Amino acid sequence: MLVLAAWATATVDARSTGPGREVLRLLVQQRRITRAADIPLVRLGTTLLPVAAVLAAAVLPFGFRSVSDLPDGVVWFNAMEALAWAAVWLTGWAPNSTLSLIGGYRFLAQGLAYELPHMLAITTAALGAESLQVGAVVDAQSGLWFAVWMPVAFGIYLLSALAMAFWGPFDQPAGADVAGGAAGELSGVDRLVFLGGRWLLLVVAAAFAVPLFLGGGHGPLLPGWAWTVLKTAAVLGFLLWARRRVPTVRMERYVELAWVVLTPLAVAQALVVAVVVLAR
Amino acid sequence: MDLRTRLTRVALAQPAVLLVTSPGATRERLAVEAELERRDWPQAAGPASADLVVFAGTPLPVREDDWAERVWQGVPAPRARVTVTDAVHAAHALDHGHATLLKPGTQHAGHQGHMNHQGHGADHEHESGHGEHGGAHEEHGGHEEQADHGGHEGHGGHEGHRPNGEHAAHQGHGHMDHGGMDHGAMGHGGHQHHMGAVAGLPMAERAADRDELRLDRLHVPLGPALPDWPAGLVLRLELQGDVVQRAEVDPVPTPSASGPAFWNEPWLRAMTGEPVTVGEAARRQCAAHLDSLGRLLGVAGWIDAAGRARDARDSLLGGAGRDELVPRIRPLVRRLRRSWTLRWLLAGVGAQARGPVGGDVHSRLIAWLDAIEHALDAIDGRERLPARPLRGPRGRVDTETPPSQSLLDALPELLEGAEFACARLIVASLDPDLDELAPQQLPVGRNHG
Amino acid sequence: MSLELFLIVAAALFCVGLFGALTQQSIVMLMMGLELMLGGVILAAGAAWHYIAPAAADGQVLIVVAITAMAVEMAIGFAVVTALFRSREIDMTDMAAELKE
Amino acid sequence: MSTAAFWLLAVVAVASGVMVFRFDSMARATFSLLTALLCVGGELIVLGLDYLGIVTILMMTIEMAIMAVFMVMFMMNPAGLMPMTMIHNKRGAAVICALAFALLVAGILLAPWPSRQGRPPADPTMDLGMSLMGPQMLTMMTLGMALFATIVATVVLATRRGRYDRYGDELQAAPPADPVRGGVGR
């Protein structure tokens, strides 16, 4: 499912060539690396990204079943997504090139900016369900979706979903102004693995919004899995559309917004949810 | 045709193109960009992601440094390169490059040949791979085999290049550069011999940063092959992390094709007394600003709007009528004016109180939008351009110093202390046209179609 | 698997960290040694919880304390390095020791 | 299964812990420390402490990523391209550590460990939360205060500019004099 979704994402990516062709192109391409690069770290960084995405996907319910519904699934997702920090920084550092290192730095700055409100947002969803288990969060939404009565947390989650996959307006770590940034020195299979991992991460992040805020597999008529797919596609579509509407957000601007505006908002949202949960 | 060849053919049906423009080759760049747009071939951000390198104009070495060669070295196989020295042949050159790319041999070795091209009465040269393109091409000159596996030298970064036992005192030499710019795409290193080098890379030294921390300072030459970068501009930056500590503009190599600066052409022609209509000048001005706008938006990461600006520019230069242009350009201008995210992100960057570049990046963008709308109104003007003042897209063209010179002079001060992303925005918001700096030759009736 | 095995692994981590903390001259590297030592403490606390008193949450609380200590140590450590570096351009313990003189 | 996981994680943890001080390159050292600490988190999960294990993984990943930046900032030769040793009194430290390890192991093996009392609760995470918000409230509050003090202390230590630098002597400068403008228009 994930692979399919990543495929679909790639189709509507800015690159107009089909994803299959792009994959082929990168497979045909030679791997090439810069002088005095730390090759083991390049390989580690590039492969860590898709691995982190797949591990994060382990707690994703497809319909109502997931590979492993851990009792702390929400925290697990957060931890695996944080592995991307290490992955992108390594990929930026290891080729020994200034512009790709700047890409790596940027992702850490971005991580620090988005992580605080992001954690509060997913905590709010867990708080609403009174459980860290993803399955329990879905069950708690059989009636009202969390997105309806926690709109702030949902909005913040969507922002951070873009940021964690360094996608759309948050694509500064791999921005065109640093000639591709962290991905700028990768070619051939390395590039394929890294960019594929990024797509996967975006898809997983979008898909995780469904159990957290959009009621998971709950919905009339259709079976659970169909609702999951539909909702994931809708969130993905929205994220991809957002990319066309706004320029790249620079972190020196976003970090202040995230810490001074979004974090207090997220705390307030959590407070409201906590009061509701206590009162019911 | 074996499977591998067929696979390659499918994989490279739309090769990623790295377009590298030399100063003086604006016309060629525009032709190639329009052709890429028509074919739907993507542009690569750097050599590592490119298949086909297109040099618009013959690349000239900067300070004896053959950066073009290093760009080429950074491109993974299969690869091909072509040089477009005349706008008319952009499509042919791309075809050649593509054919070379698909030739089975190129998986492992690049071929380069020279070709002369007869057509349109004038001699056009374009260099390209020697694909079997047939027709009007005559080959002459040798084929230079180009080794393709040059990229793997020096993995041995960790095997100790210098037995340097104790760490000794801290200050001074011995600070390893943590990201020496080493492949040619964005610049050309290797000038900092006084700092010593490890693995052939220059090392960093320390200096106080804007918070008065003495951190490693990297010497990074920026340009000339960067996406959305003024053709031929080379900045020598001292970077700490991603903060520009000092910037210096490198002298610009004299363009080989010393035709008139493309964007100033109507006014330069008017200077010689040729009859130039107001509409023609307005059209060029509008296109010039749309070109700058496309770059600025590209650097700002608004790919969608940048693409629209470029499309509008291409149709302007293609001679589209006002009725066709207004519905394309007006909505774009309105959208950019209204975009609060754009204002939020660009306001306050590169702010300067006075001078030729007063305001910040956002106000410069708004000034372009004003000029675009203004020029769009005059696009059908049939009256003759007044002899004076001749105001081109970047300023007066009839003065001693070209307007881009003052833009370049303003750069170092504006860049100091800016973060890398802001520095790119500042350069893009000034968008100096290095064509103007070449010794001007007045055009002799060569009009752009 | 037994309590002893877990504790021996924890002791090994602790001692490796101690070695690092004692030998490294760079303050940042020294902090990495400290992190490793605290990692050993976390492991030991977890093992003690599991094998001795799983019913009480004290072992878990100790882990929380250790994790917080790691975070605080990192933050303060880097702040000190930054302050030292700003005033004296020093990131080595030996040189910081000379400041006393 | 869990025995195999224990051994694998234990070996990787100790090995990468040793490698932290053997690598020349800062990036490699940092990430081998990260590997060691991730293995510690894994061991906690093996012990049945899912939540704390995952939190350890989360915290350590973020911590090490940030540490890597400080490494690059402050260390000379962060890439390890030019091997150099930056250690002192290696032999003494080795002796101390070996002794400490021997003592610890002896103590571990000889100590009369109490037998297991009680059973792990069904949800140790719930147990931890209840304990932190109940009997261990004092610990929690102390930790909170310590973290808050850390935030203040680190900012005071690390920054050069106070509010008089930003807002002028009268604290009235409308936009503060910052090197970069923030995103909220202050």
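By written order: A, B, C and D. Residues from 1 in each chain.
Heads up, the rule we're going with is that a residue touches a chain if its C-beta (ideal position, glycine included) is under 8 Å from a C-beta of that chain, and two chains touch if they have at least 3 such contacts.
Here the structure is a predicted model, which means the values were calculated and not measured.
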Middle chain, criterion being Cα centroid separation: A
Chain pair with more C-beta contacts, A-B versus B-D: A-B
Chain B-chain D separation of Cα centroids, rounded to whole Å: 45
Centre-of-Cα separation between chain C and chain A, whole angstrom: 32
Rounded Å distance between chain C and chain D, as computed from the means of their C-alpha atoms: 7
In chain D, residues with contacts to at least two other chains: 25, 55, 66, 72, 74, 79, 81, 86, 160, 180-181, 183
Where chain C touches two or more other chains, by residue: 25, 82, 85-86, 91-92
Shared-contact residues (touching 2 or more other chains) in chain A: 36, 38, 93, 96, 105, 252-253
Chain B-touching residues of chain A, taken from the complex the two chains share: 14-17, 21, 24-25, 27-39, 93, 96-102, 105-106, 169, 171-172, 175-180, 183-188, 191, 243-250, 252-253
Complex contacts: residues of chain D adjacent to chain C: 2-3, 6, 10, 13-14, 17-18, 20-21, 29-30, 33, 36-37, 40, 43-44, 47-49, 52, 55-56, 59-60, 63, 66-67, 70-71, 74-75, 86-90, 92-94, 96-98, 100-101, 104-105, 108-109, 113-114, 116-121, 124, 127-128, 130-132, 136, 139, 143, 146-147, 150-151, 153-158, 160
Sites on chain C touched by chain D in the complex: 1, 3-9, 11-20, 22-29, 31-33, 35-36, 39-40, 42-43, 46-47, 49-58, 60-61, 63-65, 67-68, 70-72, 74-76, 78-83, 85-86, 91-92, 94
Residues of chain D that touch chain B when the two form their complex: 24-25, 72-74, 76-86, 159-161, 179-181, 183
Residues of chain D defined as touching chain A within the complex: 25, 27-28, 31, 34, 50-51, 54-55, 57-58, 61-62, 64-66, 68-69, 72, 79, 81, 123, 125, 180-184, 186
